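Taking it in order: structure first as structure tokens, then the write-up.
First chain written, first letter: the chains are A, B and C, and each begins at residue 1.
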Amino acid sequence: MATAEIKAVIEGLLLVADGPVRPDRIALTLEIEVAQATVLLQELQEDYEHSSRGFALQLVDGGFQFRTRPEHAEWIRRFRKSRPFRFSRAALETLAIVAYRQPVTRAEIDYLRGVDSGGVVRTLLDKRLIRILGKKDIPGKPLIYGTSREFLELFGLRDLTGLPTLKEFNDLPPDMLADMDVPAEEQISLEDGPL
Amino acid sequence: MPYQIDLDSFKGPLDLLLHLIQKHEMDIYDIPIAEITAQYLATIEVMKSLNLDLAGEFLVMAATLLLIKSRMLLPRDEEEAAEETEPDPRTELVQRLLEYQRYRDAAISLDALPLLGRDVFVRSAPEPEGDGGDEAEWEPVGLFELVAAFRQLVQDNGDESVHEISRERLSVTDRINQILATLSERSSLAFADLLAGVVSRNEVVVTFLAMLELVKMRLARLMQNSRDSSIWLYGVDGVDDNSLQQDESLGYS
Amino acid sequence: MATAEIKAVIEGLLLVADGPVRPDRIALTLEIEVAQATVLLQELQEDYEHSSRGFALQLVDGGFQFRTRPEHAEWIRRFRKSRPFRFSRAALETLAIVAYRQPVTRAEIDYLRGVDSGGVVRTLLDKRLIRILGKKDIPGKPLIYGTSREFLELFGLRDLTGLPTLKEFNDLPPDMLADMDVPAEEQISLEDGPL
């Protein structure tokens, strides 16, 4: 097959796919090298980027997916008769903590937010945005949480490195830092720090 | 009093404190503790008088502020002050506030991303579901789904006792599997080794029950060379019938 | 809106539509004349016809719909076959029972699920997610099942102690829907969506 023809087939596959498509699945289907599949997908991505089409090819969770343009959101919501959903601040804060500090325990989330976050954690689990990674190997073996594929898909992230950079506030002045006397458990949570 | 703030919107004491610090243009690295405490207490008084559902954490923070304030008021020993060994009582609070502020801002950044179903949309394709009868792989699935599925089943069966015992059952099950896994790597296991690293009484009991269960299911056998010598656990495949007394002699059959 | 912009929006609508889209629905959404919508749709159709894209805009039952090219049918079929399956409810339930109740017999699984589970058990064995531990020493000597190393890998667990207990699960307070203002429709799309 000529390259142009392969690209056309890939477009068709992307159209019928039910989620982001990884290069290896394209390669497997078309019996080409993964490297070639990757290059062709990136070329397609650029083609769409430079055209004024109503949708673009986006890299999400390691795969490629056609997504409509954010500036058309309102028209599409009207078309689908859907209301824009809103995340509560509690949900967003908790998501942010899980995303940047994973693997993280409920106790760490509660401490960082300063409030009991059990309800929010449960909601985020129900929505599949966070998942249980296992248990932490400390006394009490608390459950540890991390973000899910659904999280990456919802926020349109290629992977966790695509998260917005965490703003670095000026750290404590040196004299205060020297004073730091954090209980042992908290030190653990600080060391596990952002990605 | 100019409390023109949406009292219901505070997500917690840290959120409220940050708000007060910003509103009164305080220096977060050098918080005037008396002033912030007064502001904070006044705000939660208003919240109380409005019968807002005041989470316990707000009161805990009030106590913390008062504690810090009292510590700051303590006269500093001159020698101590010279050595500067006394930590600033505000340090941990400041650290928490800064940390919280990072995530509060990160939350706003997350919300600004093009969200699927809100800002961007994809083709709505039907979800494939199947038993994976052919060569296709299964999609990874979360632990949460697994627990939820089990919980649903247990509820549907009205098996109320399961809730109580499942925790213990699971740990016996864990032990059984650990023992089986060990036995798959080596043919025998000393009873004493089984309890190595076991600390709590509960764990000893669980280990013992797991062992009995294994013997009962004939997945393992207990043997010893003579009375009072150490007890060995053998996987069913690794049993040498001749050299050792059978498990019956231990009275578990 | 400029015509080119309207056409781009229409492309987006066609992508997210769940079936052929009639011109009047486009017109209603974008507040334009039906005649204009029809003309723009036909123009788009020609654009796609003359490009060498992997899909075309086809007139189906009075509406327009993106469809892959017939000459790519074989590739599309291969692609669809390669897609990972979602766990069926039956498979997940059975796996959950084996995980939490192991060592467990077929009869116990059937009892808990209330239906014959022979097929599912065989599939899970084929996929190596569960394994036969031995035979139970009761009349009939039924096989007993437990989970496998592959099971742990699939769920990212180091060992079975990482499996959350029902108690830990129940400790998370029930869903506080008010916490996250997601309308019902979006909840469904998040859960069942192309994830």
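In this section, a residue touches a chain if its C-beta (ideal position, glycine included) is under 8 Å from a C-beta of that chain, and two chains touch if they have at least 3 such contacts.
In this text the structure is predicted, and so the values were computed from the model without any measurement.
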Chain closest to the assembly centre - both centres taken as Cα means: A
Identity of the chain that, by mean CA position, is farthest from chain A: B
Distance between chain centroids, defined by C-alpha means - chain A, chain C (Å): 18
Centroid distance [mean C-alpha coordinates] between chain B and chain A, Å: 22
Length of the line joining the C-alpha centres of chain B and chain C, rounded to whole Å: 30
Set of chain C residues in contact with two or more other chains: 12, 15-16, 82-83, 156-157, 161, 164, 186, 190, 193-194
Residues of chain B touching at least two other chains: 116-118, 121-123, 125, 127-128, 140, 142-143, 147
Footprint of chain C on chain B - complex, ascending: 116-118, 121-125, 127-134, 136-143, 145-154, 156-157, 162-163, 166-167, 169-171, 173-174, 176-178, 180, 213, 216-219, 236
Contacting residues of chain B [partner chain A, same complex]: 9, 11-15, 29, 55, 57, 61, 84, 87-88, 91-92, 94-96, 98-123, 125-128, 140, 142-144, 147
For the chain C and chain A complex, residues of the former touching the latter: 4, 7-17, 25, 29-30, 52-55, 66, 68-69, 72, 75-76, 78-80, 82-83, 156-158, 161-162, 164, 168, 171-177, 179-183, 185-187, 190-191, 193-195
Residue numbers on chain A that touch chain C, as the complex places them: 4, 7-19, 25, 28-30, 52-55, 65-66, 68-69, 72, 75-76, 78-80, 82-83, 85-88, 90-91, 118-128, 132-135, 141, 143, 149-150, 153-154
Chain C residues touching chain B - in the complex, by the definition given at the top: 12, 15-16, 18, 81-93, 95-97, 99-103, 112-114, 119-120, 123, 127, 133-137, 144, 146-147, 154-157, 159-161, 163-167, 169-170, 186, 189-190, 192-194
